[in-house]
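To start, the structure itself, in structure tokens.
Per-chain numbering from 1; labels A, B, C and D assigned in written order.
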Amino acid sequence: METLLFNLIWLIPLLTVIVCIPVPKTNTKLLKGIHTFSGSLVLALVGYLTYFVYAQGSAAVHESAAPLLLRFFTDIPWLQAFNVHYIVGADGLNMFLLLLTAVIVWAGILVSYNIKGNQKVFFALIQMLATSVYGVFMSMDLVLFFVFYEMEALCMYLMIAGYGSGNKDYGGKKLTLTLAFGSSMILATLFGIYFEGGVNSWSIMELSKVTLPMEFQMWAFPLMFMGFAVSSSLFPFHFWSPDGHASAPTAVSMLAAGVMMKMGAYGCLRVAMFLMPEAAKIWLPYVVLLLIFNVVLGPFIALRHKDLKYITAYSSISHLGLIFLGLAALTPVGLRGASLQMISHGFLTGLFFATIGMIYERTHTRDITQMGGIMRKIPFLGVGFVIAGFAGLGLPGFSGFVAESNIFIGAFQQGDTITRIVTILAILSITTTAVYILQTANRMLHGNMPAKYESLTDGCFREKLVIVVLVACLLLIGVFPGWISDLLDQSIAPIFAKISQAAAPVVGG
Amino acid sequence: MTNDVSISYLIFLMPLLTFVVNGLFLGKRSAKGAATFAILCNGVAFAAALFLAVGYFTSGFAPQKAVAFEMPFLKFAEGFVANIGLLVDPLSIMMLVVVTFIAFMVNIYSVGYMRGDRAEGRFFALLSLFSFSMLGLVAATNLFQMFIFWELVGVSSYLLIGFWYHKPSAVSASKQAFILTRFADSFFLLGIVLVSYVAQSFDFFNLNGLTLGAFADQTINLGVMEVSKATALTIGAVLIFTGGWGKSAMFPMHIWLPNAMEGPTPVSSIIHSATMVVAGVYLVARLFPFFAICGNTLTLIMWVGAFTMVFAAVIACTQKDIKRILAYSTLSQLGYMMFALGTCKIGDAVFTTGWTASTFHIFTHAFFKCSLFLIAGSLIHQVHTNDLDAMGGLRKKMPITYVCALISVLAISGIPPFSGFFSKDEIILSAFQGHHYAVFGLAVLTSGLTTFYMFRLFFLAFHGKPRSESVAAGHVHEDFAMTLPIAILAVPALLSGLLAGGLFEHYFVPGKLMVPQLLQLQEAHWIPYVAVGVAVVSLLIAWVLYASPKANINRALDDVNRSSIYKTIYHKFYFDEMYYCVVRQFVIGGIAKVARFIQDYIVEGIVAFVVWFFHALGRLVRTAQSGHLTFYLGTLIVGVILWRFIGHLPF
Amino acid sequence: MYSISNQLIPDLILLALPFLILIVRLCSKRTTVMPWRIANLGLIATFVMLNMIPLTNSEGAFFLSNWRVDDFGVLMREVFVLSGILGLWLAKDYFDHGADGKPALMHITEFMATLIFATFGGFIVVSACDMLTLFLGLEMATIPMYALTAWNKRDQYGSEAATKYILMGSVATAFELFGFSYLYGFAGSIHFSQIASATSAGTSPLLWIALLFIFCGIGFKLTLFPFYTWAPDVYEGAPTPVTAVLSVTSKATAIAFLVVLLYGPLAPVQDKIVPLVALLACTTLFVGNLGALKQSRLRRFMAYSSIAQAGYIMIALLGPGYISKTAIVYYLFVYTVANYLAFFVFGVIGHYRPESFNSLRGLSKQNTLLAVALAAAMFSLAGIPPLAGFFGKFHLFFSGATAGHYMVVAFAVLNNVLALYYYLQVIKSAWADEPEGELSPIRMVKRQRFVVIALLAATILLGVLPFVSNNVFTGFTF
Amino acid sequence: MTLMNCLILAFLLFGIGVWGLIHRRHLVGMLISMELMLNAANINFIAFAYFTPGDSTSGSIFSAFVIAVTACEMAIALAIIVSMYRRHKSLDVEQLRDLHD
């Protein structure tokens, strides 16, 4: 029963699109109703399944999915010409990422009520994007995974090009093409994994049981890791994200930064590091070197920007850098921190972009120097933004702190010199994060208010609901991290086991 | 612990409840309801804390340490867990009582002070958030919990300093306070990570029970160098102290505290004088045995404290803003507490006089400094300015306030039998016993300076003729809600030293020390006389300059026709400007600019180049497509020849 | 087998069809309607009959020893017929009214007959068992195309394009024939089976020279680098439906020609040809992608796009026969669908405006269906999942990677980014750009709407529905 | 007369055809050059059929077919060229430059 429901997660959005086809595009009320209902339905579904995973514990684990501890395991042959199967399942990590996605999609639908243009197509595209992200976090077959992974490029460009603002074609193209560049690197290595693995299967579980040849790993791992890292905006492939976010409509920014960017990091962990642990041990210290830009310089760049979305984009870049720091630590605590950061940053950046979108709808500018003192007029949205800011700078009580402390402690356990230095720098750069976040909040919300904003109105119920739910998620993880980290530990254990069993690598293989 | 700990939950829950209820529901609807609810809850919390304290000290269990309750927050490995709990020992109990009491008083006071403010409900909510965070901090059983609440007090401080967010000065002050303490906290966090990595524990019990010997032969890679784990612990200790350095606003990270006076006065009184800023001192006191084993960390702490003490006192002598004077005085007193902890080490041995003295001073200082701030708030509320220029002659208008102010001023000056005398005397004694004669001298000197600037403030505010029209016109009166807590606070300001001294001498010891303890200490019965003598002389000088019939008030308040030294001091040694310069030029104009340059020109440049490159190739292809049929036919021939030679066909 | 098996029925229908419609044209009074209906009926009947032939997974059935009907042949026939039907439907509008600023086409019956002849040329190629049949098939497929290109006699671009096409095409034929003659000299026979035994017995420079010339000749038809130069000009100059047919049927014929040769008589030396194939594939797709980067006219753009697609198809030839053939057939289906979808959208637009990028502006606001269809077609051509194009490319790359050519596959995959760039340019025009001034209205007739929706559905579903690919390809091992 | 002589002849013929194709600017001239190339192939076929043992008839048949197909091709080519001449009033290939990038 639960397995069936689980498979519905990605089907419901698609069905929604089909249901909406006969609805005339002028009847926006009905369209919004259907999509909101569908979003809420999936949210409820994922919420229930997450509870199910939590409540059932390891009882629900499907044995044939070993070594991963998957629930709701489904395996149906799909494209038999190349042994592609429809394999889905979820362990704790997947489940939380799905929950994150469900929340962000739901919020994304709610914040897009006033989008200009053809709403029918826009909501359909959101649902398709949702399908793609759900699919990525569910699928355990590499081809299925890739299909869902690459699907997002299509929806993303159409939404940015059709509904964005500013230099939307440039931003959209930059985003789509850079992501496509990343996924082509992945696709190129996927074939290699299949044929070098020699088990005639694309299943992650099956492939993880073999050790891929070292010569192959040595070139395939960096290619694949960087391919995934592109969508998580690891330096030097981060350049798409500021321009992309800036020109995207609110919901797309939320989905892009909130969930899509996690797909890359998730892929790095689940595919690249899990299947090629030997090469991971050799290459990851060099990846850490790249993080100096993400984690240390990223906040400084945010400091020099005046556009809210640019600031948030660079903030995302630095936060995602921390995910990679956690991954590169190759310790259980670090991996857990990275997973936590994926989830936490999803909610936090969703909140960020949601409030920015709402504020932009009112002020029609994202330039913080043009604003000031609007906290007085829009206290609810302002508080939402400030909370997002605090969560972003790692304030205890919010999820960001839990994740960051895990990452720092985990990364410090890695004795490698480069990792140590970068960890120390990363810890020290929490100050810079505070600087730009406070500067932004102060410029925008505090101080003197220009007269033109006298008529601003605070958020309506729909907007307040979005903010409240996102804040609640941030708080829930931040205050009670115990239960979520237990589930994550359980999910990470097989991955870490594979990594720690990897033979001591010999450079040059 | 025989005491029933269930009541101790109340101490934390009450402020949290206030925050949630006021922040979400009550605050916007009814300011009065919010205030009443806040006072009620804080009163309950205080009662619970008092109950806990009485139970603890009468149970015969004191001064042992115990963990009242503890729950796991995050598990990092087996036995390496970050807990949230309540540590019970004399120090934390004392802090709990002080914090809840001051919070209770300040909440009452705020009813008067914030009356009519647009966002009264929000104020009470945030105030309770602060109380909650501060209580969590002092109750911490481990470094991780301490850091959590350390950050939370930081953010509540930020929110309260910037409470009037439409005032640009308040906004920038709040930002400065947060960022500067955050800067220090980043080192604190690094220290926690480093120390917990080496010691595999966050717990205060474990950290305080460490000995360096066990770590001497292992090494750890710190990136730039390979050091032994023992050295790493020392580095970690200094890093952890850096957190306290910033939070307690020690030189040179002191500038945020005077600027933080932009916030509402009740906030200054609870956060920036009585409780939060002593968190740094509390941290060092809490980890004293750990600091004691870590090389010369304590000496560093002593010098940082001593310098701040003198430095702030000197500046305080010239200021005209009463809240700033009190802020510098707070800095100076924090310096006392800090250096007292640092004096406790002679060679490799330690003694505990300074530790007791320091915690004692936290206790007494909380009352009289809080009282002084509340009084200052009262004055500001009546006179509508912080400036001494517009005060004077308030003695007659505000008699109760005047008396309470006198008590507090005498207390801070260290005149017996007021509370400050006892604790300060001990601190000076500790410096003497630790053979730190230079610091001892500075401490005595500063004691004189303290008396001088406090009485300068006192005389200029209350004595003489009214210098503003509103005072002269008699619009000034005492508000009951504001005067009540002042009056209540005057009692412990007067008596706490006398009454609690025994308690401190009996129970307050830093716990089990892992270094040899010095028990034979030289006695110096003459020290109180010297200190009091210096204080009295300073008092007289202040009287002559500011209150005697011959005093030239205009000259005293003149800050223009002054020597350059006076001006330098008056402008706080230009530290604000230096900070501004560093941040503007170096951070924003330097590093950030370079980072943005890398992004905008190098990264984007490469991207643009790649795009240009492919477009150029595309242009090449399109140029070949010229429309010449002859050329097209030529490509057939070229193709044959081309693939003949590079087609890898085997002939 | 000297009996006419029922597998020949589709071939016979198609062969008879052009003659039939021409006769009807001469006899019937309703000079255009009847032939049109008969042609449609005939093509659909052929398609249905083809679908009824069971895939046997064997050598195939022989007729008179040099007419072979095997699985690959059947499926390729389906591609040809599909392309023919769609081409006819697309062309119909161009006979009803002028488009793209050109006058309307005339003589639809002859047009249809010519088109069906070209389609039959494809049939011959996939049925060939000797070089002569192969050659005749290729010529049969090409010569009608020359005529079709010049169909619009009143358009000077058309005649220029046709001149270029026929001159270069004939030269290519000469190259190819020259190669055939050497191959004949090498093997001493024109029969594939005997050539195969000759190549497996040993090689000589004669064989390689023959191969070089054959590859150059067919490289022209398949628009491989550097023989592609005619394509942009001809595609642009030809009437739009002819461009569509050119980019599908003629390309499919050429690739079928290569498949028949490479996995038939030349199979023993395939591993020695692989480097050349890889080079041809990589250079072609790269150059095609580069050329398409900045275009403003849609047909020229589609020309470069189809050049690049040819390069991608070549990747499949690196792999072993059964995977390669599957991949090529499947990709051609997918490519046909997506390509025609794009051309149908252009056709609708071209009725009222010039066929250029600028005419697409504001399409997403004006007609959602067309905008979505265009986006789907472009993304499918670019190979973005879940559209069919991705699965097609996946087949191709899988075939290449089976033989271990990871680097070639990686190069092709990375080139997808370039491809995506220019396909996005089209989508950008339709979705992001604001129209200049008043938009002329867009109207679709019922047929166009039906075709667009059907092709759109096919583009989306062809890849993901497992029964499509599984039914077609289960046990399709040749 | 040996096989080699025939092959060299055919190759030369082919070369001349190519040279003519590149060199001539007149369309009819180019068609004639092309015809030379096709006939070079024919010579090859005939020569191989004559000199090599085995299937000697198929070469001859092939060349017969080639001649027939070429005739068709030429017919269409000439038709197209005529049609083009009506539009352009010229048979100079240099004039054929309306279609280009």
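Definition applied: contacts are C-beta pairs under 8 Å (C-beta built on N, C-alpha and C of every residue); 3 or more make two chains touch, one makes a residue touch a chain.
Keep in mind that what you see is a predicted model, and the values were worked out from it rather than measured.
Here A-B and A-C are compared, and the pair linked by more C-beta contacts is A-B. Distance from per-chain Cα centroids to the pooled protein Cα centroid is smallest for A. The chain with its Cα centroid farthest from the Cα centroid of chain C is B. If you average the Cα atoms of chain A and of chain B, the two centres end up 37 Å apart. Taking each chain's centre as the mean of its C-alpha atoms, chain A lies 41 Å from chain C. If you average the Cα atoms of chain A and of chain D, the two centres end up 63 Å apart. The distance from the centre of chain C to the centre of chain D, with each centre set as the mean of the Cα atoms, comes to 26 Å. Across the assembly, chain D contributes residues 21, 96, 98-101 that each touch 2 or more other chains. Chain contacts: chain C has residues 163-164, 167, 171, 175, 232-233, 291 touching two or more partner chains. Chains touching one another form the pairs A-B, A-C, B-C, B-D, C-D.
For chain B in complex with chain C, the residues that touch the partner chain are 614-615, 617-622, 624-625, 627, 629, 631-633, 635-636, 638-640, 642-644, 646-651. Across the interface of their complex, chain C is touched by residues 25, 77-82, 86, 117-118, 120-121, 143, 146-148, 150-151, 153-154, 157-158, 161-162, 164, 168-169, 172-173, 176-177, 180-181, 184-185, 187-188, 191-192, 194-195, 223 of chain A.
Of all residues in chain B, those touching chain D in their complex are 622-623, 625-630, 633-634, 637. Across the complex, chain D is touched by residues 130-132, 135-136, 139, 143, 146-147, 150, 153, 156-157, 159-164, 166-167, 170-171, 173-175, 177-178, 180-182, 184-185, 188-191, 194, 232-234, 236-237, 291, 300 of chain C.
Within the complex, the chain D residues that touch chain C are 10, 14, 17, 21, 27, 30-31, 34, 37-38, 40-42, 44-45, 47-49, 52-55, 58-59, 61-62, 65-66, 69, 72-73, 76-77, 79-81, 83-84, 86-88, 96, 98-101.
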